[in-house]
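The same chain A turns up in both complexes below, where it pairs with chain B and then with chain C.
Entry: the complex of A and B
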């Protein structure tokens, strides 16, 4: 048994001691859920990262050295993510990326801090993620409060004079509750009156009672916040019962901005709006990313995967400016000094504040027109629709 | 008697290896070793209540979560050291364990039905914590990263490792002593035939409740460690069904109701998971397939687990 113990550890250890070719390639670690309920999203982010890596390598890499993406499955759990991140730091990565859920992101950012290897968060929206004072964690994605602020800012686009009441239906974890509560606190600024706050568990199998209640409240504006499967349930219920709401505007809605959602409902969901993350349609880089993703993986790029792509671009940009690309501390400083103007996100310059938050991060207002997603606001990113 | 001696010697050798190896381990291996020990501790906790006393629990996440939350809330909101919080958490978990046990046994729930009740309680707690603002709701709790030992935070992961190792050793020694005493023997009697044991004068209810309390307290201890080591907890993490499974699986693989079973089980599963994850990097989910296959094989062909099987063989050879 003792032998078994040592053998087990040795084996795990051996695969960690990779050969010393660090002078040739620069390794970037990627921790995402590749198994379990979030595997689809995790895989899409890794796919987008691979496209970014290939692009940089085909353009000559970092001063002649190629980039290499080292991927580890976070198993969708905190301990899995911690082990994966440490495994990556052991195999000589100069930076980490990840992790899709806030719990895992917390754990990996602690690892980044302990090991002194910078982490660029792809997607994880919890507000308190960067509240620890960590020096090695950066986030490009808009947080829960940024989305909520965007909602209040973009309200002028869809608010009509006769719009008086609003109801929220939101999933009850950190993300849904966070957004609904934030908007509720600032509702006075909007001139709207809240007539209903309906939380639900995202694991629910039906939203029938909630929809009945919403129908009786009949708000002028309905704001749903949730993940793909539960928001899909909500829409199904509303359409099946043929209930008409004056206006539906999602906030960081997991379904409304998803390509699969349009495949399911087509033009039935025309007129629905959503404030969400998306690409910048006017950037040349975006055109490349969209085309390449479709070519390689045979489907449109899922919105969250865009942040996977950009995370690599941010690191590559920093590596090019960095005094020693093999030194994670120097890389950290280079990331902190980022000023990226040419990128795929619908925002101004990508630069980080002292907490590591992307200062100009923002969502856009997407409308479903003729069964297609069209960015309608802010104007500089708006698309005409095809 | 020979078998017992062999067992003790083996466990002591195992312990000495466990004490020496971290000095040769880097951060990653240390992290894997900590995963092994957390699973081992949860396994030992489950072992007392379900392995020895035969009261199958499918909701150990309830106690794990209570431990994690008790110490974290006391620490964050009231500045109480997690060391004290851990003890408070263990007491609360033990009380909750007794409450669940009393309610279930009072209504004569046994076997599968009892298992379902424990599962339900874990789920209730998850929903409760998720929706109660005073308990930090769905946002969870972030433990600030300091390096003060008085606040259960260490600069080196190696120290974390040794603290956890001490917990596992304490739990194992406790079980070793317990299984030789009247209490432990009565628990096994209850597992084998509750009614017969009762008829012979074993205070069935009392002993079952005590076993539950001890088991819950150990799981809570693991919960506090988890919160302090990983630095972040939320209801979806610590009250997850996967935590309950993590308590059961090492016992199934290693052998429930044996002293070293859960330790061996954890030592096999976690490294196996890591190895399959490294070797087959491009094949996602292979580790899950291996995990599942292993459990099926053990349930079908090796009910007593590896450790249990060896012990039985040795004892058989002796007599």
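Entry: the complex of A and C
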């Protein structure tokens, strides 16, 4: 019996090596946090990827071959991500995707470089991620500095003449600090005066003190940057205490652009703005993605997961153009030569610079109107409100 | 006035920390076990209240008593069937078991409730109370009052009832208690159950205060540990006072220096106090009962 089994394995193994593998699936690896405090975000990312995979497969796959998503839990840690990436590269994936956090992205991009298997970063915003000169890493999402630049660019939309002072409340890791510091550096261009910089640890169980301070500072503009649970805490305290801020504009805020945030607060948070990633409302593919995600998973797609969807589309597009879909090096070159015009992101053509950065990546300004998210700026993507 | 506000916020939050730490302290005092699943048990308390609220449409404060019963039974069973087996084992084995339990709990919650952030809103609690220039979130005020009541109840139970006497006897001298006809195995189970109930209540009380997710307990685990050690392991009032102290330190350092400093200051004070008083603020002089 054992012999038979071994023989069976050998045969399947052999068929994998033969040149005719047109019947086999093309595997794409996915490294995201599926347990730990970022499990919700990671799972949403994978869910969106699955929808993209199903779409490609239902349209005939890549020259008749189906795509398969192989998912590994990064545990939300760098070591977990390194482990997951290593296992994936050993299991025959032609491309990697991930990882939601910048620390994980860093180690996975190293694995990608070493093994020569291209990595398309779904979400990881740290600025210096692509500064190592690596050839096999690509990123579609806007980096911290892109969001910060967008903040300055879109300022004209919400800045009124009597807006003089600004305060920042931000989580104190790379992401929050990076954004707050960047804007602080360029504050002279805005004509605003900074009256408060309030960093906090995202694991905190209370932001009462910070809210007390903000209330006394009473800035004309409040800029909160942080993850979902801490920013939710912030908003709860502000609403509970009936503190009114003239204008609240988040930058890449983990809560403000989330559907759950609206479910919790409804119209109480009307008027809040956020510069964040979002879909392109004018694209037909967006409509498909939104509808399908809701149908399969019973909730609106979380905004960051849109980049999970697009990561698969970018790889699929490259696979279709590439000479040999089983050769990661050829796939890498095909991704580098991407020129995708039809996609779900609120930006121009998706193409990568020599570093692997999505050249036209950008966030949009989203306003909460009548308890709904509405893109208000730039104009070409603005929605009238559903 | 801002200083008073920060002080008040610190005291209210500190109360909840204190209750969670009280459970840890009690378990250590009686069973001589450091429960590394304590934070995860707090999360179980949160999700039990959440399940009762969403499943039966209950108000979280009505769900809390039901959750208490559940937490007690859970604690009792865990002690009788698992903890009991490692009571005499080396410390690292005890650590592995309770830490393993923590991971199991977290992941069971993850599977049942998904990793989504959950929030509970209580009708009428949306707005803070204004007392002069001070503001107080109703949910935090209620939490603080419940903490005081529960701490008093645990004290009463331990020092004024027969069961309490048995628990203390079992913790001081296992064999002696047995010889006096005390059902030591069950008494230990009850003590562990009470400890789990304390942390469960703390978790339940926090559900209207903050959003929660399966691994939230991890951030409370270490804080509980600091408070319990500071108060003197096994010392109930010590845990209460230390909890308030940590809450105030967290809040005041956030106010005076900025939120990033809070954790650092907490641990700096912790280390400093341990230098001066190795048995904690309220711990008895180094004396081991034998």
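Everything below uses one rule, namely that the second predicted complex is superposed on the first by the 363 of 386 C-alpha atoms of A that agree within 3 Å, B and C clash if a C-alpha of one lies under 4 Å from a C-alpha of the other, contacts with A are read in each partner's own complex, and residues count from 1 in each chain.
Going forward, a residue touches a chain if its C-beta (ideal position, glycine included) is under 8 Å from a C-beta of that chain, and two chains touch if they have at least 3 such contacts.
All figures in this text were calculated on a predicted structure; none of them were measured in a lab.
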Exercise. When the two structures are overlaid on chain A, which partner does A:371 contact: first (chain B), second (chain C), both, or neither?
Worked result: neither
For this session: Go through the superposed model and pick first if A:178 touches only chain B, second if only chain C, both, or neither.
Result: first
Seminar exercise, completed: Winner on chain A touched-residue count between chain B and chain C: chain B
Exercise. Can A:103 be said to touch chain B (first), chain C (second), both, or neither?
Worked result: first
Exercise. Can A:113 be said to touch chain B (first), chain C (second), both, or neither?
Worked result: first
Exercise. Now for A:77: first (chain B), second (chain C), both, or neither, which partner does it touch?
Worked result: first
For this session: Answer with first, second, both or neither: which of chain B and chain C does A:266 touch in the superposed model?
Result: neither
Exercise. After superposition on the shared chain, which partner residues are touched by A:89: those of chain B (first), chain C (second), both, or neither?
Worked result: first
For this session: Identify the partner contact of A:233: answer first if only chain B is touched, second if only chain C is, both if each is, neither if none is.
Result: second
Exercise. Which of the two partners, first being chain B and second being chain C, lies in contact with A:126: first, second, both, or neither?
Worked result: first
For this session: Kindly list the residues of chain A that each of chain B and chain C touches, one partner per complex.
Result: 34-35, 39, 43, 172, 199, 201
For this session: Would you tell me which residues of chain A are touching chain C in their complex?
Result: 34-37, 39-40, 42-43, 172, 198-201, 203-210, 212-213, 216, 228-229, 232-233, 236-237, 239-242, 260, 264
For this session: Please give the residue numbers of chain C that touch chain A in the complex, ascending.
Result: 2, 5-6, 9-10, 13, 106-107, 110, 114-117, 119, 121, 126-128, 135, 137, 206, 209-216, 219-220, 250-252, 254-255, 258-260, 262-263
Problem set entry | List of chain B residues in touch with chain A within their complex | 10, 13-14, 17-18, 21, 25-29, 31-33, 35, 38, 127, 130-131, 137-140, 142, 144-145, 157, 226, 230-232, 234, 236-237, 242, 260, 264, 267-268, 271-272, 274-275, 277-279, 281, 284-285, 287-288
Problem set entry | Touching residues (chain side chain A, partner chain B) in the complex | 1-2, 4-6, 8-9, 11-13, 15-16, 34-35, 39, 43, 71-73, 75, 77-79, 82-84, 86-87, 89-90, 102-103, 106-107, 110, 113-115, 126, 128, 131-132, 134, 172-174, 177-178, 199, 201
